[in-house]
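Single-structure report; data block below.
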Amino acid sequence: MSESHRRPFSLLPGKLLSGKSAEPSPGRLFWMDFFASPVATLSLVVLIVIVLAAVFAPLIAPQNPYDLSVLDIMDSRQPPGSESSTGMVFLLGSDGAGRDIFSAILYGMRTSLLVGISSGLLGMGMGVTIGLVAAYKGGRVETVIMRIVDLQLSFPTILIALILLSVVGKGVDKIILALVIAQWAYFARAVRAAALAEQRKEYVEAARVLRLSHARILFSHILPNCMPSLIVIGTLQTASAISLEATLSFLGVGLPPTEPSLGLLISNGFESMMSGRYWMSLFPGIALLIIIMAINLVGDQVRTVLNPKGRG
Amino acid sequence: QAAEIEELRIGCFTEPPSLDPHWQNTAASNSLSQHIFDRLFHADENQKPVPALAEGWKVIDPLTWEIALRKDVKFHDGTPFTADDVLFTFERSQNVPNSPFSFKSYLGNKKLEKVDDHLIRITTPSPNPILINEIMTVSIISKRVGEKATTDDYNRGTAMVGTGPYRFVEWRSGQHIRLERNEGYWGKKPEWMQVTLRPISSNPARVAALLSGDVELIDFVPPSSLERLQSNKALSLSSKVSNRMIYLAFDHSRVRSPFVKGIDGSEIDNPLRKLEVRQAISKAINREAIGSRALEGMGVPAGQLVPPEIFGSAPELGPDKFSVADAKALLTKAGYPNGFAITLHSSNDRYVNDAAVAEAIAQMLTRIGIRTAVETMPYSVFVPRATGGGPEGLSQFSLFLYGFGGQTGEASVALRSVVATYDKAKGLGSSNRGRYSNPEVDKLISQASQELDDTKRAALMAEATRISMADVAVAPIYFPVNYWSTKKGMTYRARTDERTLAMDTLGGQG
Amino acid sequence: MVATSTRSPEKPDVLVEVEGLQTYFLTRGEPMRAVDGVSFKLHSGEVLGIVGESGSGKTITGHSILGLVEPPGRVVGGSIRFRGRDLLALSDEELRQLRGDAMAAVFQDPMMTLNPVLRIDTQIMEAIWSHHRVSKVEARRRAVDVLRLVGIPSPEKRASAYPHELSGGMRQRVVIAIALVNSPALIIADEPTTALDVTIQSQIIYEMRKLCREKGTAMIWITHDLSVVASLADRICVMYAGEIVEEGDTEKVLGQPAHHYTRGLIASIPSGSQPGEQLPQIKGMITRYPAADQGCRFRDRCPAKTDLCDTRPPDVRVSDSHSAKCHHPAHASAALAQESVS
Amino acid sequence: MNAAASIKPQILLSARGLSKTFRAEDDLIARIARRIGLAGPPSVVRALDDVDVTIHKGEVLGVVGESGCGKSTLGRTLAGLIKPSRGEVLYQGQDIHGKGANNKLRLKMQMVFQNPHASLNPRKRVGDIIGEAVRAHRVVPPRDVDRHVSAIMESSGLDPQWKSRFPHQFSGGQRQRINIARALAVKPDLIICDEAVSALDVSVQAQILNLFLELRRKFGLSYLFISHDLGVIRHVSDRIAVMYLGKVVEIGEASDVFARPAHPYTQALVKEIPSIKRDVNSFQPIKGELPSPLSPPSGCHFHPRCEFAGPRCRSEVPRLTTLANGHQAACHLLTPGDVTQEAAA
Amino acid sequence: MTLYILRRILQSAFVALAMSMIVFVGLNVVGNPVDILMPADASQQDIADAIARLGLDRPLHEQYFVFLKNALTGNLGISFVNGQSALATVVERLPATLELAVVAMILALVIGIPLGFLAGLRPNSLPAKAIMSSSIVAFSLPTFWIGIVFIMLFAVQLGWLPSGGRGLTRSVFGLELSVLTLDGLKHILLPALTLSLFKIALIIRLTAAGTVEVSGQDYVKFARAKGVRRGRITYVHILKNVILPVMTVSAMEFGNIIAFSVVTETVYSWPGMGKLLIDAIRMVDRPVVVAYLIVCVLIFMILNLIVDIVYSILDPRISLKSESA
């Protein structure tokens, strides 16, 4: 009720309204605000570099760590900087199978990012569709959907993933499946909440009086306005998916050992820490930390920028 | 002088799931039960039977044995030990409610009679040379206590009444088991007044516990810490080759094997049925490297089913010579000059560094042209798939890494389980998942199982071993070496059967 | 009772004197000149209405007096005297002692002004305790008294309620009670009825007026609605773009508005004209001029604009108690009312 | 009477016996619990209670009332946004809530909303906002859409060059013009304005009111004009309906209602119309608070606040009675004769 | 209220049912425990006998039906591995997990709320920025990795704290508690800290966001206008409004802490139910897995219930009657 008495538009400087200059679109404004934070900018750059490095790993990596024929068990556990039997330098040392840690990290990032991003996207797709339908349909459909979401959310992600993986077995596809099943509910809840809030706004009512089709209202009006909260949740869930994959690999239900993800590298090298062979676990750990942190920092800034209260 | 030493704290890799001595027959269970319960015969560090509650045995005829019992033995509750307890034990150990395991496999075909209070007679339907080895698996419990006791009573401790060197004090699941010395023990009293067994399953944590002085002894020293412990002046290590053999199993039976493909991905006939291919695989494996690298020194190369010291082995049989050239030649001879593609399956949480070994083997096979992928999984998933889901089914794998270790301490079990032709009715070939079959081997095994003369029996078993190894029925890779580590000045008498016993821990000058 | 007597300008007891007040918001880029050179006087017992459109700086003026402007906002110029003391020179603690005691505030939205997790009596008693050392019993008694005073039925019971248990009108009464509890000399009421229903709004205005008259409390009533202050204020200030453009006795300002902005405002009230007819309207919208600009801020929208308006700051006294910032103040109201229609 | 009716132009929209109740979502467990007596009855809000209204072609019907009395619910029901619990809405004789109601028909009723900030999709450009429905419903041939939008913008007082701008680049008044343009673009006959000017400053409000009146003249539009501000309502309306707690308590020609308010509530409201010329001392507000719609008072909903209330008011719900010339009010204290006489006098 | 509790209980029963079904089907696919529990030299007949003894030879739906029938009497089956009641096996480990979780939660609250509050009060100050960025770091660290690094650092390199296990406990009302002995405290510190790190970060962020939000509210400004002292504004007006939602979320997170103790307990060999679960999964000990999940569902349910009830008592605005979930 107090809404009517706040007049935010009065804050606009007059020159905006006088006509000529092309105002930046909301997208441009977003990026301008985003880059205002040097930390977030740096994180974004780091993230881009990491993604590029992962994508082009076969070109960058001195070794294909997944190709058993180029690995030699005699090269196992070499410290950083030492030379392999074929004369290649182990920049960050080698692991128990004689795998170059640096190459393994690059390839591992691929797996980790693949798992994180695809489970994030799939989870988002599934959650968004279900959440939107719930919000728009209302009534019994909504009640049933939200009950399921509640149930899912009342159960910690890690347990769901753990049980699921011990059931379906190993593999990237399986782990993505497990993560999607464990995470879609977060998206569904968020998108429903956002959509409900948007739906109450009068522009949706206006679209309904204009008799636009349901699909159009949902996907062209409501969904784009839910994007801010989705982006935020998306980044956070991606980060947590990567972390979760690592954890699951650590618990032994993650990925096959010959194609290690970062989590598996860490977990494989974990015990060697005791004997001072820190590099096998530490470097992948740092790589994992950097990825998750960069995503979180980017997500954090996105949240700050998109939150109208946070804007100057 | 022994009484001066107060407490021994042991960091154990595994905790027995139940204190009931007949619940299962694993190293963890036996480690604990041996402190509290005696057996008729104890296994020495090489798993040779030595008289314990029994004074000795007499073979009356090939089907009848008589065993004399010690007369000076009292249970912890003061009641004397008699033949009734043995009879009761044999009965109960085969029928523990809810137990997944039953001692029937060791005792099922034996008839037990009480001759007098301290003499029992055992009759068997056919001659059984390993009778003593079989009965030494069972912990003798008190009839008086045991009659009313359930597994729960053992777990609570109320039924933990044996004749052993230690008495039970308390069990906190996941935390510790406390024991105190049985001052009325009939045999040699151990040095330690009190013993605490602490399960610390995390390897670094177990090592750290030793390093920080939280415990005096740890078992299953992890390979990653071996170097560090070896170089630590305040600690000492002891080791023993275990009775377990880790081997590669081949699919011998199927013409088309599920995980074999041509190098171009096409379907091909199962090359593992060809002797040369199996030989090539065996020769391609650098067992030394696996022992020193993948296992970080915790494995010795294996050339047969049991370590050469064990009764019934073929002492002269060494591991296959590693030679890439020979392996390639054999492969070419078998008709696979360009190799083929195969998937090697393995567990990843069962044997020390099992996944790493599988990976190393895959590397080595890939090097001779057999393009090998590795798939590892938890043991719980691995076993049913390797075994084929049911006793009748074939293995789902083509080539897989498995381990075998018998509890009776001689070669016959390995022969009967691993290389004897699969025969459910006779209980033969239960671990023969690749379905190797050679009538000659089967004949030798069956002869050996009836032969009471040790020398002849040993020769029969050795011959069976030789033939099956020449066939490369399986490719033995290594025998794991188990390490125990103690504080300096103490020594642990390392055992083949992987048990960790306070009685075998010597405080030295302490 | 004092209301009529204090209104005469000869009476020297000036309670608040604001002189050239400037409050800016120093955000990215150019500072936002929310209040830019506001001056007025307020005598004890007098009710001053500040009217103006949204964003004209009314709230910030009130906050500046109370010392409640928060960063990035800052009072950058001018002076505020309260009973002769310069408020801008006071320490935080001295200012705090004044706030809620000698001068109190009522905010716009009663839903937002009360702390949702504290009981009503707690919120009243803490206002007492912040300024006076009294016993709990005494504080509570005062709280109940003041609740009764503002017309809350069964105040003993209502005192231990939480804000959400009361209706909007009741809540605003509680807020007013909090403002009154220490018998302040000045109440700054910032749109206290805007969020309320029409009938409740009338009740609150009616009661506030009565209370101030009875207690001789001076009041600054901030609103965007001219018709609200018409029945309430002794004097009116009209704000436009951070400035007071017209100031004077209520009858004068509303009856013979001098500034063309005031005239436009009055004319655009629908109830003033014949139903169905075109309403006179002010053309265009508010313009923000650069800081260096000397001219009249309303000139773009003014029907009487001349070149003079572009360059010189306007300031005209229409009469003793009526002034307007305009070079061409309107005298004959009828003629100019027509003119301001675009 | 008959003569008066025949002068009236054709009826555009009529609603009969409209009721709308909102109740809390009921799930299975709640229902079971209620069945076995573990929970009380669900709370019900009667937002509309047996309301009849008609709007004639070219007419402006004003609706006034306090917050929560059901004004918006009425507007939204008439616009077809929510289904009534009971009653029907006929647009040119066709039921708009019925199964067969087609979009073309319903498109003829448009709405303009209160909040100039929330009523425009922040992610769409102004041109799209105005043109989207035009395109979707082929109100004009596709190639004419652009021209159509420009024309509409111009009639709404917007510069057509602003088409590619985003809503946040406009002031409140301009946004309200965009809202109006959006509604106009589909060529409606009736526009329902729900507090369309309440959020605006007086000076801007005047601009928008003028625009409404101008468009009415230009396009012959009808309006349902909802507001809590009697001054605004009086300015724009031909007829006025006064609502109180979900009921229409008085309805009639604007001039009649203002000159001779019949219901005590209306009388008080009319007295309270804010005016700068109000006599300071004579004014006495309505006492008491607006009761909760969850538990409305018995009988006449207004009786707790009414100074004339008698025992009958407490027990019996008054029905609308016609006083004169289509002027109706729901109050026990009135008899048609009374007012007619008064009016005649 | 009754209705509300009823709804919660029914919901939880449904979760438990669904979970047990999934686990039943799932673990059946994985395999059976007999293969793992039997010694390598067991014969085929031994194995078949054991399968029959455990009832695993019956059709799955029959097994499930038997389970359901027993479950209604509170019997969740007998562990395949140790032969004890599965429920008892889990409940026996419950105190250790609860203690770890409680200590972690307390750590998280005691560290998180003050830091978050501090950061929220002056969001642009340097310390606030430092706190907020470190919270992101803590947010990003996978629990198991922190565990490894902590062990490496504090146990192995520095030797200050033990690397695992539970240490000495003391019994209070039949509960074994570590925090009462020095040795126990030393043992619980690292795992609890590891477990709490993520929550600390979460609580910092929640508290800071809440504080910023509340500080800008009109009622805070009005309190200032009343002349209320800064201290009272900060610790009564702001903190009271901030802390309630933070406490609620934290209590909800308690369930998550219990779940995540699976990881921590594995790293630190902490003898709680998390480790039990991992072992049980490894051994395909279905009854224990099911019992664990049901115990978890119960804990979550009770927790949610308590949170909601306490919240409705503490926050005057909330009433359970109107809540539909």
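A, B, C, D and E are the chain letters, set down in written order, and residue numbers restart from 1 in every chain.
Following the convention adopted for this analysis, contacts are C-beta pairs under 8 Å (C-beta built on N, C-alpha and C of every residue); 3 or more make two chains touch, one makes a residue touch a chain.
Please read all numbers here as calculations on a predicted model, not as lab measurements.
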Touching chain A and chain C alike: which chains? D, E
What's the fewest number of moves from chain C to chain D, given that each move must go to a chain touching the current one? 1
Chain located farthest away, centre of chain C as origin (C-alpha): B
From the centre of chain D, which chain's CA centre is farthest? B
Based on C-beta pairs in contact, work out which chain pair has the most and send it over. B-E
Report the inter-centroid distance (CA atoms only) between chain C and chain E in whole Å. 54
Indicate the whole-number Å distance between the mean C-alpha point of chain B and the mean C-alpha point of chain E. 38
Between chain B and chain A, distance of the C-alpha-averaged centres to the nearest whole Å: 46
Per the centroid of Cα atoms for each chain, what is the distance between chain A and chain E, given in Å? 24
Multi-chain contacts in chain D, i.e. residues touching at least two other chains, fall at 25, 27, 67, 171, 201
Each of the following residues of chain B touches two or more other chains, namely 204, 208, 349, 378, 381
Touching two or more other chains - residues of chain C: 53-54, 109, 112, 285
Note: in the complex, chain B contacts chain E through residues 17-18, 20, 23-26, 96-102, 104-105, 151-152, 155, 172-175, 198-202, 204-206, 208-209, 211-212, 214, 349, 378-381, 383-385, 387, 389, 391, 403-408, 413, 416-417, 424, 427, 430-431
Within their complex, chain A touches chain B through residues 68-69, 71-74, 76-77, 96-98, 166, 169-170, 252-253, 256-258, 270-277
Please output the residues of chain A touching chain D within their complex, sorted ascending. 1, 3-5, 7-10, 12, 16-17, 19, 23, 25-26, 143, 201-203, 205-213, 216, 221, 224-225
Chain A contact footprint on chain D (complex, rising order): 25, 27, 67, 76, 79-81, 103, 106-107, 109-111, 113-124, 132-133, 136-137, 159, 161-162, 165-166, 168-172, 174-175, 179, 182-183, 186, 195, 198-199, 201
Within the complex, chain C is touched by chain D residues 66-67, 171, 173, 201-207, 209-210, 213-214, 228-232, 234-237, 254-255, 268-269, 272-278, 280, 283-287, 289-290
